[in-house]
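Heads up, the next two complexes both have chain A, just with different partners, chain B and then chain C.
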Partner chain A sequence: MTDSREVHDNLLPALRRMQDKIDGWADVIAHLPFDDAKTERETDRIVQKLQQGYAMIQLAAGAGQALLVNVRDENMGHRANNDTENEFSVIGPKTGFVENLTINMHLLRQQIAVPQLIFEETTIGSLSRTAVVIAYIEGITNPQIVETMRKRLKGIDLDVVYDSALLEQVIADNSNTPFPLFLTTERVDRIAYAVSSGQVAVISGGSPYVLSGPSTFMDFFVSPEDYYLNWISGTFFRIIRMLSVLFSLFASPIYIAVLTYHFEVIPTRLLHPIMLSGLHVPFSPVMEVLFLETTIELLREAGARLPAKIGQTLGIVGGIVIGEASVQAALTSNILLIIVALSALASFTTPIFKMANTIRVLRFPLILLSALLGGLGIVVGFIMLLTHLLRLKSLDTPYLVPFYPFRSGNFADSLVRSSYQYTTNRALFLNPQRKKRYKPDTVKEDIDHED
Partner chain B sequence: MRTKLLLGMLTLSAMLLAGCGNANIVNRIRILVAVGFDRDGELCKGTVAYPNYIHRKGSLAIMKGTGNDPKLILQHLSLQTPRKIRYNKINTIVFSREIAAGGITRLIDTVARDPSLGGNVLLAVSSCSAEKVINSLDRQELENSPYNVVQQNIRDGNVPLSNLYLFLHDYYSEGKDPSMPSLRLDAERQIEVDGYALFKKERLRLVLDTPEMTLFEILLGKKVKGEVPFTYKGELFVMSIHHGSTRLSANMRAVPAAARFEVRLNGGIRSFQGNRIAKNLFEVDDLAASIEHQLMEKLVALLKKIQANGIDSVGVGEEFRSVDRHWNAAEFYRNVYPAMKFDVRVKATLKNSGAGE
Partner chain C sequence: MSYQASLSKTVSPYLLWFLIHKSQTGIAVLDFQCKIAHGAEQDSWVSVLLVGMSMHLVVLLMFYVLKHAKKGDLISLHVQLFGKWLGTLLNGVFWLYLLLFVCNQLVTYSQVIQTLVSPDIPTWRVGLVFLLLFVYIADGGFRVITGLSFWFVLIPSLLIITLFIPLQYADWRNFLPVFNHALPDYAYSAERSVPLYMGAELLLLYYPFIRDNAKAIKWAHIGVMHSYLLYGIFTISAFAYYNLGQLKHSVWPTLGMSKIIHFTFLERFDYFYIFNWIFIITPPCCLVLWGSARILRFSTPLSGRVSLWVTAAIVFVVVTWSEDILAVGLLETISRYAGSILLYGYIPFLALCVLVSNWIRKPLVSNAG
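Moving on, here comes the complex of A and B:
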């Protein structure tokens, strides 16, 4: 608990250096190089402080009172490096939040260096007494949003706040949804962007994930890297990411629907490979798909639980051995293997892990619907999904903005990441108090090479 | 409570609806791709080709069945197989000339009313028996189906555009008679397009040969392409039409009524006798004039031939109908059409590229 270096290097030498006569506590405190040094009378409090790692000094003269000096080891139990572990990006900063609230606040303060960045601290958790901080920028963030977040957090009654993810679920507008309604991220730049565009961030003590809201559906498919690349590549990768969502949701259901009900839509030339690869498979397409999808989910789940080094071996075992062997044993067709592997791959492109999980989960009802009703089933599933998305709200803001309700002002940075000249507005649906982020680029002067 | 009820209803209806699903798991059915119809005494004989994936790795196999109606033939076929028969992917329907001459209404009616079949199905008449045409597909690849043979030629402009949809359109329209390609087996038992079959309503009347087919296509004006042979100073040349257009206009005031075809052709001449145009630029006009003249004569002859058979495959009647409020099909084809004059004007533009001497 105590920082032994503090004790040996600072506290004890300071005590030794006190050669003069000591009259009272004030003399001692004046000699100690510690800010947090207070006298205490009550035994209960002394016990409490000692448990937190304070050092206690008693004087022969001053009986009934003890001096408590803060020599806590603040960093004990915390990790040394703060690289982002799960949200990796090739370009851009690699610092991420850690389990320490003070450091997290500091990290955010490094990116947004104006005094208007407000941290409001509350305590949540009847047992854990976790410090939770609401961060926003005064003068940009709409006060109503801050107020709503404050109210939501105030209403929480949890015993232990293990992670901010718990808070997210409790304050969510709709708890019966597979979709994450708040962005949780460990990337500092992502939270800095959210806060600077008028969202509210919630930092919870002991959690390396910071959540921000109100979030929209599109937020979960935006990677900070989109902004670090030029807008053409950024847009391309963003669209690829969106398409991969569609692919990972619908590829297997469409495979089932087509092979079970609508064989006539298979082009004649494609019929040949499909038939030959699936000829000796004894199962119906839906059984085949369920078998392979479950295998992939097992692999993923096992990979997530295993230590990193074993995880790699698992990938090889799963990918090659199970895939190859099941085709060899005529349990699945080659084409399905490709489809399932690709759709699993596609689901990993979603930058926010929670959203990627959601998409993987949603695949299964769609698979069952397509097995029951074919193409109609997929349509029914899609409509139900869309209806659900349309009804969702995050911190009272519609989830599907800017598509529905349609907000043309926000299209510059949604599906397409436009050039910085066109993304001068903050997200307008958040009603920020200042709408302009910056002035667009002025004319650059060209060096005249003709002489 | 209401949500729960709603969810329950949804699940229940999904389950119930699932019962209506017509599962055709693709590797458990036999997918027919081509069918031929022949007369077999009182009955109709159907020969079908399907890709056999189990024994032949996807090369085609043949089945035969007889019956009075396509559905009955299908039933007969079904009695012979261990797998469900599905005909949704049929892309070729071949009729023997015998059947086509007797009328194909019964067959077409069944086919046209079936939602399983698309409009892009190839209808064709076979000069030999349809059974022979389909039989020739035995152990062939799916790629060699008559559909692909005809489709390739339609794309290249050798055969006029034709499919079930267009056939039905012409069949039900008052001022035009339907038509379809004609197939036969050559000496090596390969399927080839040997002409174009013209129908009077549902009965086959006339089969054009391949040069006439090209001319017919020029008259239709949908996709004017192809190779037109002509003679110039006693030598044979071939004009390759790159693009062109045909405009049909009706002159109903003239006595007798006249139909004017304005044909514009753009093309080039490439023959092994040297680059004629490049050698002598002044010859271009002469060449074009001889093409225009010869083509005009051929087109008029073709129109007269069609006219003499009492059919209107080009759709002259449609053109007259579009300009005449009181147009009456029966009256038109009884009085006007048989005496109609055809005024064909051809404008050929020869283009030449490449280095000259």
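Moving on, here comes the complex of A and C:
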């Protein structure tokens, strides 16, 4: 637990250098080059601190007391690099949060340098005693949101807080939902943006994922890269991402519905290749889809559990070999293989891992509905999904804002990421205390005016 | 004066636009053209628009009535005006009317599904799926239903664009000669177009859930206007696309128009219209289920959730029984008569009652004050 270099380079030489007579603890402390050096009397406290890696010094003159010097190895057990591992972006900073609370707070302060950034610390967990920090900006964040978050955190009773993901589930407004109600990210810039726009962030000790809220549905499809590219490409990629969600959810259900119930929807010339590719397949389209979707889930799950290098190879081998072989063995049709592979790919475009998982899970009920009722089932499933989203709330803020309740002031940055000239307002549904983010000073020039 | 529910349960006043408009659109939009065509023939668009404009008056009367209700809705107003027994009885009648409304929508829609999509799906299965869906939505409360109404105004509106494709084959001379019908013909068409506008009376139930409801009347008028402009588009395009003889013999002219649309990857675009109609019937049906559960809750010792399930179960039984085409026609006719009486008979009568009761009470109030 102790940092041996600290002991040998600083603590021992300092003790050796003490030449004059020592009367009390104050003399010793004055000589030591350590900030955290305090005397303790109670045995319990001494034992606790020794377990944390403190060095104990006893003195004949100060009997009944012991000096405890902090020579803990702060970085022990923590990784050295803090690159973002799961939320990668080509442009922009690659620093991510790590498992150390102090470093995480420091990282956030590097991005938001004003003193109004407040860190409120509480302790959660009867066994782990994890330090949990609420971060917000005084004067921007609505105090009501902070108060709600404080209350929710106070109500938590857990034994060990392994990760902020646990906190997220416990403080969620509705626990019976596949949707993540709080954004959890390892990217510093994302949290800095959330905090600066009037949200509250919760940093939990020992967790590289920081959560922020209240989050909306759109937040999970926004990538920081949208802001680093110019607004035209940023908007384009954002729309691609939204479309890929729709594709990933509805592609295989539509395939089932069309082939099982409504093949007359497809024109004859297109129906021909589809029918031919499924000619020798002995299963119904539902069985086919379920078989392939499960295989893909299996590959994904195996890829996530295996070490990175083997995982990649196995993914390629598994994907190509199984896909190719199952088509050759006439267990699935070619076209379905394309659809399933594409929709699996599409589900990975979602920047937040938890939301990507949700979308993958939601495909299965939709597949079952479409197998039971065809197109009717798909529409009913869509309405159910929309209703569920309408019922959700995150920290008492509706999940589907700004689409419903409709907030026209927030459309500059939702589906479309408009130019920085127009995104001057903070998200109004958060009721921030100051609504203006900045004032753009460039005024567009009129055509060829010369005067 | 006008009562309002607690703030966390209300919705913004502008949403009244979507609520009023969405509760009016329903299954009737699919087939009203062939029904009104028997009356004023090529001039029946006048009737559709006139009935729509008369809805402004109905909205005015409803707002007047509701402003004087103690709890802001019809349920309390009945008890307030007519006493406990008669009031509860009238609430029961209104409850039956609401059941009729939702049954009519469901039964007709399952006819559409059985005729055009899958002939072997039984009515009870369609009814069961829809009722489970509606109960799930209505269980979320008024704000969720409002959200759905909002979305389901926007999503189906995209389909209006596709009307341009059938209109390429339109013959605009179908409307000539103009105005060559007698008043009874117009009246016949007007009476047949009332089902298009039924549903606005649901305002009598959800009025207390609108924020600043007394001032929201502007949005209600916009909603009504949206409805008759939309129906105007559908009427005119159907009359331009079909000739009169064809129109009188077609069953669902709105769906028929969409049959001509097809793309290289999509042969039957009318499927989009058919499944889109789920979006159109869902909000009014959910509003009705929600409202009828409210009536049950206030008039009986049942809790809100139980009364919702009870209502849904009764609707399910009716839907299952009325499988043949005669029963469907009967439901449609009864619901049309009931709706006409309610909109143009009962609501003015209520307004009169409120006026009289205010007139009687006023001296008392001024004496007390």
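The rule is simple: the second predicted complex is superposed on the first by the 441 of 451 C-alpha atoms of A that agree within 3 Å, B and C clash if a C-alpha of one lies under 4 Å from a C-alpha of the other, contacts with A are read in each partner's own complex, and residues count from 1 in each chain.
Please note the rule applied: a residue touches a chain if its C-beta (ideal position, glycine included) is under 8 Å from a C-beta of that chain, and two chains touch if they have at least 3 such contacts.
Remember, it's a predicted structure, so these values are computed and weren't measured experimentally.
Novice: Identify the partner contact of A:Val379: answer first if only chain B is touched, second if only chain C is, both if each is, neither if none is.
Specialist: Once the two structures are laid over each other on A, A:Val379 reaches chain C alone.
Novice: Just checking: does A:Thr387 make contact with chain B only, chain C only, both, or neither of them? Give me first, second, both or neither.
Specialist: second
Novice: Which partner chains sit in contact with A:Tyr404 here, chain B, chain C, both or neither? Use first/second/both/neither.
Specialist: After superposing on A, A:Tyr404 lies in contact with chain C but is clear of chain B.
Novice: If we overlay the two complexes on their shared chain A, which of chain B and chain C does A:Leu259 touch? Say first, second, both or neither.
Specialist: Touch status of A:Leu259: first partner only.
Novice: In the overlay, answer first, second, both or neither for which of chain B and chain C A:Leu279 touches.
Specialist: After superposing on A, A:Leu279 lies in contact with chain B but is clear of chain C.
Novice: Does the superposition put A:Leu270 against chain B (first), chain C (second), both, or neither?
Specialist: So A:Leu270 only meets chain C here.
Novice: Enumerate the residues of chain A that count as touching chain B in its complex and touching chain C in the other.
Specialist: In the superposed arrangement, which is not itself an observed complex, chain A uses residues 261, 264, 266, 268, 373-374, 376-377, 380 for both chain B and chain C.
Novice: Within the complex, which stretch of chain A touches chain C?
Specialist: 261-262, 264-268, 270, 373-380, 383-384, 386-387, 390-391, 400, 403-406
Novice: Over in the complex, which chain C residues touch chain A? Could you list them?
Specialist: 11-12, 14, 113, 117-118, 121, 126, 129-130, 133, 136-137, 140, 143-144, 147-148, 150-151, 262, 264-268, 271, 275, 278-279, 282
Novice: Taking the touch rule as given, give the residues of chain A at its contact with chain B in the complex, in rising order.
Specialist: The touching residues are 258-261, 263-264, 266, 268-269, 271-272, 274-276, 278-279, 281, 284-285, 369, 372-374, 376-377, 380.
Novice: With touch defined as at the start, can you tell me which chain B residues reach chain A in the complex?
Specialist: Listed in rising order, the residues of chain B that touch chain A are 14-15, 17-18, 21-27, 29, 31, 33, 51, 53-54, 57-58, 86, 88-89, 91, 116, 118, 142-143.
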